[in-house]
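A, B, C and D are the chain letters, set down in written order, and residue numbers restart from 1 in every chain.
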């Protein structure tokens, strides 16, 4: 069918609403430890013998409350996967190109997805040893651990 | 009208709620959802492994969380399970129960967990609701769900004094119910002696719709577990509550054409009429023992009681004045305190059948009504006057009754 | 002064000048009165004028444009966000006389929120010592027999002993008869060590702690007890909140039907459409008649005048999701059946502000257009009474 | 599965376009509705017509709270029941089937729409699919999530940049024959290989193009299907499955959720060996690497053998994505509806230039969430 486009136009607008998100008691402890003590913490399920990061109240595998089992994780870890973001959208925290990686911290069983800096995108490789660099200004998010960089 | 015949009967066997509140800074969305899920599992004496399928719903633009069930899966326990995410605005909560009912009745799943949630503290409620209007036209005019038109119409029909007195009486009655419900959000301890003062001095929101008349904005979640007749009958933990039938009636997109010179038949009236017809219910006020109604404001509640009960003239006001809707009245309305007291939007319409089911089980605690509850009605409201109604039964005997 | 939620009403007003944001209050000129009733209450005024703020303790609220009344406890609860303002307003525990929009818009804009840093209760050595029995770890003290004496000096001086014997621990005031080891220190050093603010090893090294008797026993003591935690510390816990305005730009399509409507507006015409089956008019026009479920193609010009069928006078200021800005109140959307429309098909638009007090059902209204309509909802400024 | 059967009586697709700037959702759906009614003659009569509608759309993509309220009129939802599957289109079909099997309705209209072109960036929307504290701040979205999965899967399965180019070129060859596809112009492998990196290892042409579209279907009970079509297509199996939310909790290349969903759907349909039982496959390959990866999850390709699968002509052998697939462009929310629509056309022998002979059974697949957190599988038979 032929479309009648004579009167058609596009109205530029936006969808904008204010939000306030709560990290919860558990999340707050995790973020405050990052922010104030430069400490990365995980939560351990003793039953499944696994240490998780980011924190969660219940182990998804065995559905037990693990929220009290905090363990300190190392500030160093290994890059196990990555991508180089080369497009620019407003939700991205860095100017492209930047590296988003999965980092397995010492003492953790689940890798953390985070930003990797201090290495040229063409030199980044799986298996690199990385260390945490903490933010100077608090953000009250995971970005209180600002990024990872090569050891 | 064609008779309604389910493929198999479905029972509610688990009900879980969080406390409704405007302050849940100590929980993130996942943790709040999980609290309701765990409460429902405990109520049903089941483990998460007994659940075959999850049905999740809320309104994305309140929390501004896209496809929230993906993140919430940590708390709903859906990893490895089937899941559906179904939303219909304000009616979402009850639509989820309808969907769970359909999924069990279909034979595809035996045990389904429905979860509705909202954390309104994390978003802007009125702005979020206003966002439902067309961006090209009307979004510039709509003010969330706030409207004084029901008040204007009732004042015109019943006189200013009687209408205002009725609205405030309904409101205080709801607070008296809410005070007895430890999970309700707003429990003020209002007294009927305050009626006149409240009606005159409560700040005006829109026309005669005052702050005191309007529902709350709450955080909270509600979860319900439904299972097949076969499985329900094998259980001894708590008595099952049967879902007899449900009906949903949506309406066209525009709101202004509800306010022309002639009023169309309201969806509430249409939905109730059709649902009673196909279930052979001729006198709803006599048939039902309790009604959990989605009452976003005292004015709407009053107007709608007439619609849902298919009443004429001022019968509904008479009933209110006589005390028929009180906790120990002829047909108690909202023993839970209703939406006026607690309104976590994505869960609100699920709280209606959940609370109605608690009444049937005799499990509602301090807000349990005195007489035996055999037949309960629950309603949901949303969109541009969308209605959902559900009939809950204590005994699995309506098929025989119908065949007479 | 009576405290609620760890602060007093006076604290709110004392901190007001520090929390004031003059740059946000440039165009404001207002005198706000506050009355906090009950214990710990009082009356204050805050005068905000062109970027300045004067806070005064007063005996009566005179000449205030807006006054706020509440019990001191509600006052603090709302100010600290422990009680939701809307709930307090609804139950009338908080009353606002005058323009309620303040609470919604002005105050959060011109003041940094009032917060209390929870005061740490001054922890005494006694508070800790009385909990030691419950912190004892018998599994680690198997076969251990010892008496530890604490001679605590300073303003909170006291003497205590811990007796460990047969897998049990007893704490009592005063010294036991035979002390394995005696530790002498200022009571504040003891509480500091127990709560982790003072490092035990350096306290020994620096001589803050004097040891008499079996030194090894003194060092081993800590092993036999769980770590002490301050019960008040939990209440002071910070719960993280992240405030963001999420905003995504949109390109809303008009499509041919709404496109035609806007083309009509450019010529100062209301172009509705008419269902070929039931003949109802729709305004603004829609692609389909929802009742007949049939495509609608015929356009008809409606109005421009019409009759008011219902109206809303809105006092509540809500954000406009199209812009994110807060709306100016009061405003009044009115429902109008335009001349030539089907009797059910009302059209909604805003009424001229000056006409709000005179509006009634049945009133005749007419649109007021902008000079140069461009095809937008802004082309009609408002409807006004047609007299 | 219960003994009763549910039929898809008709499908209608709006052509996928990169930017339908001249059309509202309402106009798109009205075209689809008219097409369906012309095919079947159904109406909305209270007793005998459609009185339940299952829609599929999303509040974020529509920038509208209760997105289904914006389109109630064109869904025929006025004074009828309507429920929105806010997740993904294929689930709308699965759920609509359950509504019929439950005895609640004997006719259900399924209608889905989405305009990816409306928002400034679809990646901004999918970024908001992550939690506010751990996921959103680092910039995660569905595109970079897929890139992380792509690297892991390519390492595991021996899939190369050249393989990906081949998958895209083949998709375009088929899309050229599908009048509803978005990107229909031919594309040589070399051009794919030379397209710029978007999110390593994903190149621009490995990623499905921004698309607007709408799809409708009429489902009926076994008793009533005959009133609307001579060529009913039967739903014989449906299932879906959720995986963990945090990437760290998942094995990104294990196909955990898809394998479970497929296993459950095959079981319901009584299928033991999909390679033998299925004639046509439609997978939601939003990114080129996903085609072999999902084929692995669906049981057509050996574990970790995605590279070999492509080398040995697996996509041709199993008749994968003869519509051009998602790589030719569908909106993410309703790709599953397009997959199922194509499968239905194949089984009815109505697929035109891309018709394969003797198609008797088909599988349609869809996924949602980052890096395939959630999968759905639908089995159809002629």
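Going forward, contacts are C-beta pairs under 8 Å (C-beta built on N, C-alpha and C of every residue); 3 or more make two chains touch, one makes a residue touch a chain.
Only a predicted model underlies this, so the values are computations on that prediction, with no experimental measurement involved.
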{"item": "Chain of greatest Cα-centre distance to chain A", "value": "B"}
{"item": "Separation of mean Cα positions, chain C and chain A [Å, integer]", "value": "27"}
{"item": "Mean-CA-position distance for chain D and chain B (Å)", "value": "34"}
{"item": "For chain A, residues contacting two or more additional chains", "value": "3, 5, 8, 10-11, 13, 15, 17-25, 27, 31, 60, 141"}
{"item": "Junction residues of chain C, two or more chains touched", "value": "239-242, 244, 246, 248-256, 258, 262, 286, 290-291, 319, 321-322"}
{"item": "Numbers and ranges of chain B residues touching at least 2 other chains", "value": "25-26, 28, 30, 61, 64, 74, 79, 124, 127-128, 130-131, 135-136, 252-253"}
{"item": "Touch-based graph of the chains, sorted into line, ring, star, complete or other", "value": "complete"}
{"item": "Of all residues in chain D, those that touch chain C in their complex", "value": "20-24, 26-27, 30, 33-34, 43-44, 60, 63, 72-74, 76-78, 115, 117-121, 124-125, 128, 132-133"}
{"item": "Parts of chain D lying in touch with chain A, wherever the complex brings them together", "value": "21-23, 31, 63, 120-121, 123-124, 127-128, 132-141, 143-144, 147-148, 150-152, 155, 196-202, 244, 246-249, 252"}
{"item": "Residues of chain A that touch chain C when the two form their complex", "value": "3-25, 27-29, 31-32, 140-141"}
{"item": "Complex contacts: residues of chain A adjacent to chain B", "value": "11, 13, 15, 17-27, 56-58, 60, 63"}
{"item": "Interfacial residue positions of chain C with respect to chain A in the complex", "value": "237-256, 259-260, 262-263, 319, 321-324, 375-376"}
